[in-house]
Structures are given as C-alpha cells and as structure tokens.
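Shared between the two complexes below is subunit A, which has subunit B as its partner in the first and subunit C in the second.
Up next, the complex of A and B:
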C-alpha cells in the first residue's frame, strides 16, 4: 500500500513540476508554430515573433531595451524575442541552434563569423527581401560588395575605422613631437618613433608601441601592401606572400631588435589585455573606434592623468600620404530556416538606423544622419584637445579613405586566424624562421579549406 | 633532538604555508581585481589594492545594473532540485544494482556505465533537439533533468550497497516490510555518509556547469551564475573587474554551504574512503 502511495506521490510531483516549469518552453513551441505562417504575416495584421540572436554586449544594454520599446511602438505586429549570448561562446550556440533547425530570424556576426555561416550554408541571400523593405543593397551601404556568387547575405551594421592612438605624456617625456593630425606616418617612421619614446629604465617600463595578440597587428601592414589579398586566386591561403613576410618582419624589428614593444612571451605570460594600453605605460597603439567608445571616452572606468591623441593609420612607404583603413564589417543576417525574412530585415533596418549610433559606432547605412555622432564624440574627447574635424576625418567621415581587408574572411576564416595566432609566437620567440611559420600556417589552413569545400 | 624537531616543524610549516599560498592566490587576485578599474587589472608592477582608489562601483554595478539576484536564485534552484533528485535516484539505482540484484542486472549496469564514455559535447545537439521537441528549452528543467540521472553517482552508491549487511534488511523483511519500505527505513538512513559526500560533490559540480545553461537557456533572466559571469565579455575582451566582483558575490553561497557542512564533508570523505 505504502509502495503504491509512494509511487503515486513521486509521479504526481514530477508531473506537477514538469508542467509548472514547462511554461516558457511551451510558449516557444507556440511561437514556432505561429512562425510557420507566411512571411507577410505582419503585413496582414497577424503578430509575428522574431528570434534575434546577438552578443550580450549589444543586447544587454539599456539602449537596446529602449530601442526595442521604440520598435514595438512603431511595429506593434512584430514582436522581438532577444537571445543574448556571451561572445566567447556565441558561435557554439549559434551553430547548435541553426544545425538543430531551431527558428532564428536574425543573427549578428562580425566578418569572420558571418562568412563562416555563409560557408556552412546557414544563411539566405537577402537581395529580394531587402527590396521589399526599401533597401538597395548595391547603394545604401556605400561601396559594399556582394558576399558570394553575386548575392548579398549580410546586412551591414558598421565598419571598423582604424587610427593611431598615442599617449601625449609619453611623447612629452621623450621630447618627441606628436604625430601629424592629417598625414599618416609610415610604418618605418612608427618603428623609429616607438624606439625613441621607449623607456625601459624607469620605475615603470614604458614601451613605445602597444599591440594586441590579434592577427592584424602582425599581418595588417601586409594587407595594406597587397590590398587585403589573404587568399590566392584559387581560394588558397596567401599568408606566405612577400608582403605578409615583410609585415611580420616589421613587427619583429620593433619587438625584438628595437625593443620598443613588449616581447610576445611576456605579453602572453602577463595575460596582457587589449585595454592594458590605457594604463599609460605605452606610447602608441593602432586601434579602431572601439578604443574610443570603450575607454577613451569613459574616464570613470579608465581613469588617466594623461591626454590621448589620434592620428591617421600608419601606412607602408609605398602608400605615403594616403588615408588607409583595415575594414571589418559587423552585420546582421537572416538564417535559411527563418520564415519571416521580410520582418527580420525590417528589424535589421531599424537596428542600424536607430540603435547602432548609441553603441558608439557609425552605421554604414547611408540614410542615417551622422553629424550628431561626430559632435558627441568630439565633445567626449575635448579634454584631450581632439577636434571635431579630427574626429570626422578619422571616425568614418572621410569618403576618400582606402579600405583593405582587416583579416581573412573567405575560406575557413576561424581556422585561418586561430592557426596563425597559435603558430606565430614561434617566430617572435626565435624558435622558427618567418618563412617556416607562414608555410606551416598555409599547409594547415589549406587543409581546412579543402575540408570545408568537400562538405 | 629538540632542536631538530623544531627545525623539522618549521620546514614543514613553511612548505604548508607555500602550498596554502598557491591555493589562495587566485582567490586573493579575484578580490583584488574586483576592487580595481579595468586598466589596472594587468598593470605592472602588480598592486594588490589601490587604497586611495578603490573601485566599489564594480559591486554597485553588479547589484543594481545586472540580473545578479535572479541569476543567483536560478543557480540555487537548479542545484538544489538537481541534487535532491539525483541523490534519490542514485540511492534507488545503487540499491537495485548493488543490493537487490536481479536477472541481467550486471549486464544492464555495464551498459549504463558505457554511457559515461560518450563525450558530453556529442550529446548536446540531440539533447537540444529533444528539449525543443518537448518544450523544455529556456526552462530550468532543461538543466535539471540531465543532472538527475548521473551514472557515476549510481556507480558509487552501488559500490556502497554491494557491501551493505544483508542481515539488516532481512530483519526488516521478517518484520513485514516490503522492498521499498526496507529501503526507506533501513538502507537509506545507513547510506547517509556516502549520500552526503555525493550531495556536496554534486552541488559543486552542478553549480559550476557552464555549457548546459549556455546552450539550453535563451533568456537572460533564466541565466545561472556561470553564464552571468560570461556576460561581461565583449567581442574585444573581458571586463575582468566586473567579472571578479560578480565572482566574489557568487562565491558566498558556495562558501556558506562548505563552511556549514565542512565537518561532515571531511568526515564523510574519510569515512567513505575507508569503506571504498
């Protein structure tokens, strides 16, 4: 008798708890079912729920919540179900959701991540759907080119705008004049200046040049030399090209010969973070607009007793006088299993028109008024004696800027970057020669590209 | 002789002190970082605390601008329910496989054990699809259910019940108890020590789980502490000071559980070790 009652009690408890906690999940099932409706559901008055996958830093902000409120007022029939994921695990979650057939209507990604999704066949071409929401992909984003086979898969949000940040105190202490506001230094000049302003004998070491353990700090100079040709014409790895060899050798000269940058072993051992530049012990760093939005304008989080300056991106001597940029585009995309492409692009259009500016980035969408962006940024940097004219020129307002690829994005981009970074330290620690490490990268990534093509 | 004893004692103390330092250094770094500004985190030379510039704002941000209380509650809820149900099922399973025995029980148990060799990552996608099918995605039950049945726990309880004195249960049978009642009244109370060990180990293991909540939960308000910790990461890097402030707050319940049950925990480890 007791056994029967016990079993009954356990069964009842499980049933009760499962039923009680299944509520949210059931809703998602309903929303899945409703999403089987036609793509013009919102237009016909039916409510559509869009699942929007994005990284935490863009989705957990007060500004994003305010944007969603405005969006709901403007489009009451399009509900947004935000799925916010920490960036470190974003790709894993995205892959599992898309591979399982889970409904996702819009997803964020940087250049590497979106091309990875295109290569995996996760995304749909958006040319037609864009037309339906009155967006001309060929004109409304400047010189943005089709992604694959003449089709657009990405709805661009923003493009990185790179420049040279420098610490005026370090320059003053070394009695070295500041970089020119308009004329870029060549990389050779940067190396010389970095050596002059380095001081390793003081109470705290001051390195003339700061770098991050990211690919472009090693191969970016080469990308400027060969117009971002990370792949050969047959789609294989081109990292062993002479331009990239020269680029890596330049960094070796600065780091190991001129001793003007932290040795890579020390950099990795110290777990040096990209924001470490803002502790004041470095003279120069090449950084994009995110340095301003994350640190330079946020003195409450990054207190400093020195002024920062900004100057154009350094260039190879062959390109002297030219304003250059490493281009990397963050974008939104519509997965193939979305049944609401049109509504997803309505959300994408509003995201770049209404929200992107509040993240501190300049939207590529040309129909957005941008003057306020430059004015607010200049105002936030006025204590550093940075002018509106400088901000406008360097933060995306120069139409003559020459963009080259910031990093490889086409074949096996994730493997390309991670393999490069895994192996490259062997050159900078003197364990291997530059040709050896670059050839090793080529062999490994070519194999990954071939594997990808088979699939 | 006395001198040499003192020397030995001093040397031993220094060694233990150094070992203790190795273990406590990450905790000290965590506390130190939680009171710094982001650009001070990896400064050289290392400063333990900038006394004139302590950044309490990290804690204010965690407590007022994040869903930390919800994350904490979610973690506690998931861990408590999971541990209680896991202990119940492990005890039942262990009793069945170790004490009762039945036809093909060893063969069935062998198949159970084989599932331990499947890498967890391989099961993520099928689990995700299953939970979506039954509508459990984005609910805490997607975290609890896979934790309830743990083969290692069943294995440990089986080992305990293998050497369980049959006379005690037979005496209960003689007095009219059935299988279930004799389990509840006789076997379970005597399994308190291994269950406590298992409970504490499970508590720490489930508390730290990261992939399951990452994959199965979509809504921020459903997150558990480990995922909350990762949300201070941007695409360019981590906000270590904020992460460490959250970690300092999140460690309080774990420390509380450990301190409250420290004596029993150590006793049970020693005791179950002797039995094993």
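Up next, the complex of A and C:
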C-alpha cells in the first residue's frame, strides 16, 4: 500500500515538476508574427486589453486618468490595464513580471532601463508595427537614431532638459547674486557659490548644493568633458578616465572640503528622496524638466514660501559660455511576448500626442502641436518670476544646446550604474582613493559586459 | 505485534489487518496536508530551481537551452559570489553565538524570582513580534551618523569621528548581525525559558545537598537538560543566519561596496535586478547544500553534547 502511495506521489511530483518547469523548447517568438496577429485582432474588431507598466509618478495623476478616459472614447476596442510602480521599485517589478512570463504590452523606461531591456532581449523591434500605426521612426522624432543593429526598440516620449534650479531666498539670505539667466556657471563657480550660501549653524541646516544619489551627479561633469565617453573604443568601461576622476573629485570638494553638500553617509542613511530639494533647505540643484513637472508647478503638493530660479546647467571651465545638456530619452517599448504590438503602439502614439504635454514635458514626437507648451509652462512658473524667454531657452527650445550622454547605456547599463553607486561611497566617506574606487568599478562592470557579450 | 498476530484465529487476524490498514490510511490522511504542502512548496520548487540552474531560460519566449553546469562554473569563478559567502559566514559568526548566548542569558535571568517578571518577559519578546520594517527604521534613526543618539553620545564622550555604520564597510555587516540578533533573541529566550522551567527542582536540591556551586549546577544539570532545546535553537539560528536578507535589503542594499551582500542578497540581486535567474538558482543550490552540510555536521555532532531524557 505504502509503495503504491509512494509511486503515486512520485508520479504526481514528476508530472507537476515537468508541467511547472517545462517549456516549449526553442520556439522563440517572432515579433513580426505577433504584430500580424495583433493586426488581425484589431481588424476583426475584437476587444483587446493592454497591460501598461509605468512609474507611479506618471500614472497616479488626474491628468493620466483623464487621458485614459479620452483614449477609451477614441479606441473603445482597446482597454488599458495600467500597472503603476514607484520608480525605485520599477526595475525589480519589471523583471519579475517579465521573468514570470506575464504578458506586458507596453512599458516605460529611462535610457538605462530601456537599453538594459534591449540588451537582455526583452523588447521587440517596433519598426514594422510603427509603420502600421502611421509612425515613421526615422523622421517623426527628429534626429532619433536606431537603438541596436539598425532597428528601433524605443518609442521616444521626451528628452530630458537639464538646468540649474536655485532657491532665491537662500541666495538673498547669504547676499549672493543670482546665477545668470543665460550664461552658465562653471562647476568651479558653482562650488564657490555653494560654499558661500551654505549655513550649517542656523535653526535648520542649509546646504548650498543638493544632489541625488544618481550616477550623473558624480560623473556628469566628466561626461561634459569627454562627450559622454563612458566606454572605450573596444566597448569596455571608461569610468577611470581622467575626466571622470576630475568629476568625482569636484563632488568630493563640494561635499567634504567645502562642506556645501550633505555628507554621503547622512544622505544614504536618511533615504533622501530626489524631491527633498523642494523642502527649502538647499541653495541649488542640477535637475531636469521633471523638477518643474513634479514640484515647481505643483505648489499644492510642494508648498513653499520661497521663489525658485532657473539657469543653464553648469559647465566645465573649458566649455565656458556653452549651453550644455545631459541627454537622456524616456521612452515606451513593447516586450517581445506581447501579442498586441500594434495596439500597444497606438497607445504609445496617443500617450505622446495627448498626455506628455500635460505632464509639463516637451514630447519628441514632431507631429504634436507644441505651440502653447512654453507659454503654459511659463505661466505656471510666473509666481517665481520666470520668463517665457527663460523657459523656452532651458526647456528644449534652444536648437544650439550641446547634448552629451547622461548615463552609460551601451554595455551592461544596469550593472554599470548600480556597481558605480555601490562602490563610490567608499571614496566620499574617505575609506578609499578615487582611483581605487573607479578601477574597482571598471573591473566589475567589464566582467558584466563580457558576460553579457557571451550571452 | 507480530507474535500477537501469529497466535490469533483467522477471523480475528483479518479484522486486525483491516484495522491496521484503516489506521495506516487514517494516519496517511492526517499526514497528507503536510505531504502535499511539502511537495508543492518545498520539494517541487527545489527541483525546479535545480533544473533552472542547468538551463539558460527565457520565459518571455519560453526558450530553454541546456547549459549543463555552466552556471555553477560561473558561480565558482565569480569573486562576488565568494565575497557573499564570506559575508554570510562573517554574519553567522556574530549572529549565531550572540543570539544563543543572549537568549540563554535572558532566560536564566527570567527564570529567577524577580519583580515584574511578566513585564520584563514582555519587553524581551517585543522585538521578535514587531515587524522587521518598523524595527529597521528605528535602528536606522538610532545609528544615524550625525544625528543618531549613538553617535551623539560618542561625540559627547569626546570621540571626534564616530563610525558611520551603514556606509562603512567595516561596520555595516557587524551592525546588521547585531540587529538580527536583537530581533531574534526574544524568541530564543522564550524557548530557553520553557526548557528551563521543565527542569525538575529535585535535581537542584540534590546537587545543593552535594555541595555543588552555581556554575557546577549549570554545567552538570541545567545545560545537559536543556540541550535538546539548545540543539534545536542552534539549528534554526544557523538556518536563519544563512538566510539573512531583510536588513540588507532594507538598510544597505548589499553595500557599501558589496560589504553586506550575503548569499541570499546576492541571489536576489542576480535574479531580480540583473535578471539572471539561472545563475541565481545555482547560488541557491549552493546555499541549500551549505545549509545541509552545516546541519549534518551539527546533527552528527549532537551525540557529544545533547542529552535526551
């Protein structure tokens, strides 16, 4: 009897194991086939439901709900199931969903996240599906180049426009003149001003400079110096180049010598949020248009009794007078297991045409009317005495702006960024020298790149 | 049993057999929920993890490529993996003895006649029943490098550069082990206390008559009699130490510079951050084997010190 039960249990276990772990062999999904399937689904008038994964900063808003309502009226056969995830949990959530075989039809990502997805083979090329929804990837997004092997994987939403935000009250209290509206400060000038406006003896500490624990706040100055050369010509890590060393040293000077920025130990242990700048206890921060989108124009969420000012992004002394920007593109993409590629791109097209502007960002999609964008944004910032001319110049209206890479996006970008941030704190706490930490990053990320190339 | 059955008349024998069958069936039915649970939630996932470690898997397109032991080879040549093994063992060297010693010490104190014993017991058990996230938030504030009470005290005592704890590679892991021990010690204390209260007072009275001192009583009576509980707690503390994860995930994210990346955090990061499930499964299997070896060593070693009455 026991033998029988034992055999039955083993048989059931094996069956279950095979069912749970088994696959279909090497039957890789063909993106063309999936887009054809979606075409027929759309043509037959059957209702499809799209799972749309995006960060909660863009989904949990009245404007997004209004957009979905409009979309539903326009496309009654395409239902949208929005999945909203806070940005700090986004990568893990995305990986878990995709790893578990859950079908997602459209997903958001910044430059690093989307290239990470491309390198890991999550995404399908959208060239063909884009044509079906009347989008020409080569022309409709300006000078937007193919992502990999001559194919487009990303449907661009917006390009980040970086600038210097400053707190006028902090400058006034320190009797320091505001930064020039048109001429960017050099990083050395920023460091000096940050030191002058820092006040650590008051009721509340006021730091002259706010930063985020994101890569560009440490290596971004170097990226301006060497035109975003994060990789060597043979595809290896270039983070130990002298330009990046200088960049990290600048931050060390501000943080640990001039004491004009919060020490990194304190910053990390406080779990400092990127929107903390808006609590008024910092003089300056380098930030992109999302600071205006999420905080400067949202006084109900971020009430303040001080005025903000905006100025061009600081530059190295070698680039004095030039308007520079860390270029990074947020985009939408279609996972390769989606069976509704066409519908997903219809949603993507509507997202950039009908929603992006309402978030306060300038869509890259050239066919959307953007005439009122600068006026509306200037109007939202008029209480801060920010002019239309300033907004136009800094939020994407300057054709002469020099763009350099914001982050490394080619080889193992996710590993690059997280390894860099994990290791460099050693330098800022004084435990290691700058060359040591950067060489350590190089060794680890080179190994990750090599591993990725093998696969 | 066999002799009784042999001497029984045939009718009675058949009834006895059917009774025995019924009992077996009933026993099996009672055990079935556990067996099914074990199969579904332990054995089958474990087999899946092992299979996953042998294949390059892309669940998005349902493709599986047999890689033999390639991921194990990668694991064995990965410096980050060995660092995570070292970190795990370092964590355990602090966490295991500290938790056991404090748990036993506290139980010995609570086992004496003292005022407000119930209240003190409650205080001791509070960390264990409080959610991990809440306790870690409190510890984070407590160990804040500039404004935390610990460093404020150290500064007031004249220490100019107190440790920076969670961003210091030398301090972060020991502090996490300390937090882990603080969290779990209440549970150990309760179990030790239950064991201590099960020791008959007659032994102590007899030993007192024989002139045994406090230490001798502990060495020759208390410790042997609570040794089955000590053994059980040792095993679960080792397992708990090998699986340390919460503190790393919530306070340090494995950093700084990989200094708090334990094996479980390495698995988590490889799987969910870097999407390398096959490699993570290989590390998972290694962790399983390491656990098994450590448990086996203790299991066979128990003969020397565990005393079953």
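Some notes on this structure:
Here is the rule we use: the second predicted complex is superposed on the first by the 398 of 455 C-alpha atoms of A that agree within 3 Å, B and C clash if a C-alpha of one lies under 4 Å from a C-alpha of the other, contacts with A are read in each partner's own complex, and residues count from 1 in each chain.
Operating definition for what follows: a contact is a pair of C-beta atoms (placed from the backbone, for glycine too) under 8 Å apart; a residue touches a chain by one contact, two chains touch by 3 or more.
Being a predicted model, the structure only gives us computed values, none of them experimental.
Residue contacts after overlaying the shared chain place A:278 against subunit B, while subunit C stays out of touching range. Touch criterion not met for A:317: it reaches neither subunit B nor subunit C. When the shared chain is aligned, subunit B and subunit C each come close enough to touch A:92. In the superposition on chain A, contact is made by A:84 with subunit B only, not with subunit C. In the superposed model, A:100 makes contact with both subunit B and subunit C. By the touch criterion defined above, A:387 reaches neither subunit B nor subunit C. Of the two partner chains placed by the overlay, neither subunit B nor subunit C lies in contact with A:72. Counting contacts as defined above, subunit A residues 2, 17, 21, 23-26, 28-29, 92, 96, 99-101, 270-271 meet subunit B in one complex and subunit C in the other. For subunit C in complex with subunit A, the residues that touch the partner chain are 21, 24, 28, 35, 39-40, 43-44, 47-48, 51-52, 56-65, 74, 80, 140, 143-147, 164-169, 253-258, 271-275, 277.
Of all residues in subunit A, only 2-3, 6, 17-18, 21-26, 28-29, 55-57, 59-60, 81, 83-89, 92-93, 96-97, 99-102, 110, 204-205, 270-276, 278-281, 290, 294-295, 300-304 touch subunit B in the complex they form. Across the complex, subunit A meets subunit C through its residues 1-2, 5, 9, 12-13, 16-17, 20-21, 23-29, 91-92, 95-96, 98-101, 120-122, 263-266, 268-271, 335-337, 414-415, 418, 422-423, 425-426, 429, 431, 437, 440, 444, 448, 451, 455.
For subunit B in complex with subunit A, the residues that touch the partner chain are 37-45, 53, 57, 81, 124-125, 128-129, 131-132, 134-142, 178-181, 214-215, 218-220, 222, 227, 230-238, 240.
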